[in-house]
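Data first, discussion second: the structure below is written as C-alpha cells.
Order of writing sets the chain letters: A, B and C. Residues in each chain are counted from 1.
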Amino acid sequence: MDQEYAGQWQRVCTRLRSEFGDAAYNSWLRPLMFERIDEGMAHLQAPTRFMRDWVLSHYGERIRAFWQAEDKTVREIKIAVHSGADRAAPGAADRNDTGVATDNTPTPVRAAALESRALRMGSALDSRYQFDSFVVGRSNELAYAAARRVADTASVNFNPLFLYGGVGLGKTHLMHAIAWHIHERDPGREVIYLSAERFMYQFVRALRDRETMAFKQVFRSADVLMIDDVQFFSRKDSTQEEFFHTFNELVDQNKQIVISADRSPSDLEDVEERIRSRLGWGLVVDIHQTDFELRLGILEAKLARANVGDFPPKVLEFLAHRITSNVRELEGALNRLIAHSHLVGRPINLEMTQEALQDLLRANDRRVTIEEIQKKVAQHFNIRLADMHSARRARAVARPRQVAMYLAKQLTTRSLPEIGRKFGGRDHTTVMHAVKRIEELRQTDATLAEDIDLLRRMLEG
Amino acid sequence: MNMTDQMILDLPARKTQGRADFLITDSNADAVAWLDRWPDWPGHALCLYGPEGSGKSHLLHWWCAQTNARRLTPAQLLDADVTELAALGAVALDNAGPAAGSKAAAEPLLHLYNLLREQGGYLLLAARQPPRQWQVSLPDLRSRLLAAPAVGIQAPDDRLLVAVMAKMFADRQVRVGPNVLSYLATRIERSFAAAETAVMKLDRTSLSGRRPITVPLARMAMAAEEKND
Amino acid sequence: MQLTIERSAFLRALGHVQNVVERRNTIPILSNVQLVANEAGLSLTATDLDLAIVETVACEVRRPGGTTAPAHVLHDIVRKLPDGAQIELDYGAEAGRLVVRAARSKFALSCLPREDFPVMADGDLPYHFVLPAADLRRLIEKTRFAISTEETRYYLNGIYLHAPEDAPVLRGVATDGHRLAHIEISLPEGAGGMPGVIMPRKAALEVHKLIEDGEGVIEIALSDSKIRFSLGDIVLTSKLIDGTFPDYQRVIPSGNDKLMEVDCKSFAAAVDRVATISSEKSRAVKLTVNGSTVVLSANSPEQGSGTDEVPVNFNGEGVLEIGFNARYLLDITGQIDGENACFDLSDGASPTIVRDAADPGALYVLMPMRV
C-alpha cells in the first residue's frame, strides 16, 4: 500500500514539474518528502517552516488537485517540518540518486609521504607528478632531459641543477618526478624534497627548539636535496646562511642538489651575491611559456589519465587556444569543466564550456549600462538617441524604445522605476508593459527576435 | 518624514544558517552543488563569488559547520600562524579578493594554500568578484587561484527576488502577503542587497508605526527612501 | 445527563470558561461550552482551539452524560436566576435540547453533539513546577502592557517565559518594539531546565483572571509547544507561540550612567496633565532634566502648549532632553509599586531604563520619540 502511495507521489511530482518548470520544481518541490497517507490526508515533509509555508501557499492547491486525480480519497495535504534537516541535506542525496557519476571525477590523490626519515622533514610528494605524466614539448624538453639525467644516474654530472620559469609551468612536477623515480630505482638513497617556505619554517622551529644540530644533520645527510621556489627565501638572512652551509657541504660531498625558482639565479635580487653565483655553477635550465601544441598535448594526456569518455576535440582546442598563461591554469580549467559537467549533468560542448568558464574567459566583468543600451539600440534601428527620451509615440520610435527598455530590464539589475526615469521620466508601468510586449513579440516576430539576440550579443561583448 | 517619531528597540533578527534554511534557486544552485560535493572537489581549493547579500556568508557558515573548518577574515589571516591553520585541515576565508590582492596577506595566503594542499586539507575562498578580477600581484598565488575552480552566485531574477524577500521576512518572523512582495519586486533594483534593504526598511517602518505590512505601508516606506536618497 | 447544581457554583465556573469563548465564531461549536457529568461532578470545557479551559464543579448527578450548549446564553441565564437557586440540567428529555430548570423558569437550549467538540490534546508535558499564584500574577501584571497586539509579529504577541542561565529566577519578558518589560520572580523548584516559551497574550490574561485574588499556588506543566496551568478544579491549557523570541538582552543598555530619580506619583500626574495638550496621534511629551528638576512640556500646533515641573535627583551634568510617548510613560509608571521611579538615561536617541526603586526584579526599557 505504501509502495502504491509513493508511486502516486512520484506521478504527482512529474505533473508538478511539467506545470511549474524545472526551476520552481527544484527549488521548492523536490525537497519535499512523502511520508504517508491516512484518512484522506497526504502527509509530506519539508525541511524548513519557511519552505512549508511557501509550498502550501503557492503549490498546495495544485498538489492536492493532482493527488486527487491519482486517488479520489485524498482530500487534504499536510506538510510537516522534519527535524534534523541540516544533517539530511535532501538536495545532496537527491543529486546522487539521479546518477551523477562520482567515480570517474578527478579526485586529488592524497599526497603520500615516502617512509623515510629524511622525508619526514620534507614536503609530501604528489603521486600524479611522475615522469610519464609529464608532457614534453619544445619549451620544456631541456628541463625534462636534465631532470631525467639527475634521476637516472647516481653520479653527479652537474651541481646544482637549477630549474627556472614562470609559475605553473611544471618545475614542481619535474622535482617530484625525480624523487619518485629515485625512490623506485634505488630506495636506499635519501631524497629530500621541500619548498623553500618549508625549509624556512623547519629552520626557524629548529632554532626555537634548540635543535639546529638535528636539523643540520638531517639535511646534510641527504643524497639528493631539492628545494622548490627559492625566490621565497629572499630577505631571510639566517635561513640563507644556513642554506648556504648545507649547500656547500652537500656539494663538497658530491651529493646532488636541485633548485627551482621563478627567475634565473642572477635575478634573485634578495639573495646574497655569493649564494647567487653558487646557484649558477651547475646547469641552469629555463622552462619557457607553453605553445599551442604543448598545451593541446597536455590536455590530451590529462584526459587520457582522467578516463573521461567523449570529449569534443573542439573544446580541447578552444581551451589550448584561450588559456595560455600556464599549465596549472590550463589543467585547472579542464578539471573544472569536467566537474561542472558531472555536477549539472550536461555533456561537455563548446557552449557549456564558455558558460562554465565565463569568469576565466571574460577579461573583465563590465556592467552594461542603460545609456549604452539606448545608444546601441538607437544605432541599430537608425533612430535618434534623443527619441529614447522623447514623448513621440510613432511606431518607428516607440518599438525600438520598447526594445531598449526590455534589454535594460534583462541586462541590468536596475529597478523598473529607475529604468522609466532613464527613458524620459516614464512610469514604471510603461516599462513593465514594454517588457511584456517585447516578450510576446519575440515569440511571433522572427526578425525582431534576431535583432534582439544580435543587440544582446553586442552589448554583452 | 517618517509616519511616526517613535524610535524602536533594535531587536536583533533571527539568523537561520543551516543548510536546509538556504534557498536554493537557479542563481545559486551551482554554488550549493559544489559545496555539497565536498570533499569531492577536483582540487583542494574552491573560490565562491557573488554580489553582496547573495548568501555567501550563509553558505560559508554552513560549510564550516559541516567540515569543522576555521573561518577567517583577512585580518585574522595576518595574525594567525599559517602552519597551525593548515593543521586544522579546512579553512574558509571571507573577503578573499582583497586579501589576495594585498601585499601583506598574499604570501600567508599562498603558504596556507600550499600547506593545505600538501596536507590534504581544504580551502574555501569567498569574494564578491571571480578570482580573475582580484588584483593579485604575487604570480604564484595568482596562478593557483586561477587554476582552482570558481563558482558564482548570479544576480537574482524577478521570481527569485520575490522568494528571497519572502525568506528575509520569514527570517524576521514577519507576516507579509504576496501582493507586498510583488509590489516591492517591481520597484527595487534586482539585487540581493536591494532586497535586504527594502525588507529591513519595511520591517522597521511597520514596527515603528505598529502597522501591518501592506502595500500602502510599502509605498510609504519606499517614498521615504527615495526622498532620503 | 441529568443533574442538579447550586446556582452560585455553576455561575462562577461558567464565568471562568465563557471568557475563553469568542463572541463571534466561524465554527459554531466553538460558541458552546461542553458539559459532562460523571461521578466527579460536572465538568465544563470551553476552547478557541488555541486555548482550552476545563473546570469541575461538585453537583448531584442523577444520570451521567454530556452535551454542548451555547456558552454565553447559558451564562446569561444562570446569571439572571435568583441567588441560591438549585438548577436542574437535563439532556435527553427533549431531543437535541438541554433543559435548564430552576423554580418556575425553564429553558430548552439547542445543543450540538459532544462528539464534535474539539479536544485539545495534552501531549507530553515534561516540565512541571509549582509557584505561588501571587508571583505569577505579578509577572503577568507587570509585563502585559508591553505585549504587542500587532499580529504581523506573532512572536511578540506573548510573554517570553524562561529560566535564564545567569540567575536563579523565572523571567518574563514582553515587548512591542517600543518598550520592553522584564520581570523576575524566584525560580520555582523544577523550573530550572525548562525551555524558553512564548505564552500567548490571551492565555496570560485568562490565567490572570483566575488568580486575581493571588491566593494559593498554581501548577504549571509545559513542553515546547503547550503550557498547562492547574489551579484547584480549573485546568487551562494553551498552545505556545511557535516562534523565536528575539535576543532581548541586546536592547537593554548597560552604559546608561545619567540617573534620574523621581517621585513616581507626582511624575505620572504631571505627565498626564501635560499630555492633555499633545496631539492625539503622537502624544509626545518632552522631558528636560536640568539639575534638580525635570520640566515636562508638550506642544500641539492646533492646541497650544503646556509645561509642568517635578523635582528630581539627577547625577548628570548639564541639560538632558528626551521625548517619550506619554501613554508609554504612564503605562510604565503604573507598574511601579514603590515611591520612586529611577530612570537610567543616556541621550535623547537611546533606550532608557526605568526601574522601580522598591523592586529589584522589575526593569523596563523605553525607546524615546523624536521631539
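One rule holds for everything that comes next: a contact is a pair of C-beta atoms (placed from the backbone, for glycine too) under 8 Å apart; a residue touches a chain by one contact, two chains touch by 3 or more.
Note that the structure is a prediction, hence the values are computed from the model and not measured.
Student: Please indicate which chain is farthest from chain C, where distance is taken between mean Cα coordinates of the chains.
Tutor: A
Student: Specify the chain with the shortest distance from its C-alpha centroid to the centroid of every protein C-alpha atom present.
Tutor: Here the chain at the core of the arrangement is B.
Student: Provide the C-alpha centroid distance between chain B and chain C, rounded to the nearest whole angstrom.
Tutor: 42
Student: Using CA atom averages as chain centres, what separation in Å is found between chain A and chain B?
Tutor: 19
Student: So, what's the distance in Å between the C-alpha centres of chain C and chain A?
Tutor: Roughly 59 Å separates the two chain centres.
Student: Inside the complex, what are the residues of chain C that reach chain B?
Tutor: 148, 150-155, 175-180, 243-244, 246-248, 250-251, 282, 284, 323, 325, 349, 351, 365, 367-371
Student: Can you check the complex and tell me which residues of chain B touch chain C?
Tutor: Against chain C, the touching part of chain B is residues 4-14, 173-176, 206-208, 210-213.
Student: Spell out the part of chain A that touches chain B in their complex, as residue ranges.
Tutor: Per the stated touch rule, the residues are 23-24, 26-27, 31, 47-51, 53-54, 57, 85-86, 88-92, 95, 102, 105-108, 110-111, 123-124, 166-168, 195, 197, 201, 229, 232, 262, 325-326, 328-329, 331-333, 335-336, 338-340, 343-344, 359-360, 362-365, 413-418, 428, 432.
Student: Spell out the part of chain B that touches chain A in their complex, as residue ranges.
Tutor: Within the complex, chain B touches chain A at residues 16, 18-21, 23-26, 29-30, 32-34, 36-37, 40-44, 49, 83, 107, 111, 114, 117-120, 129-133, 139-140, 142-144, 146-150, 152, 155, 159, 163, 166-167, 170-171, 178, 186-191, 194.
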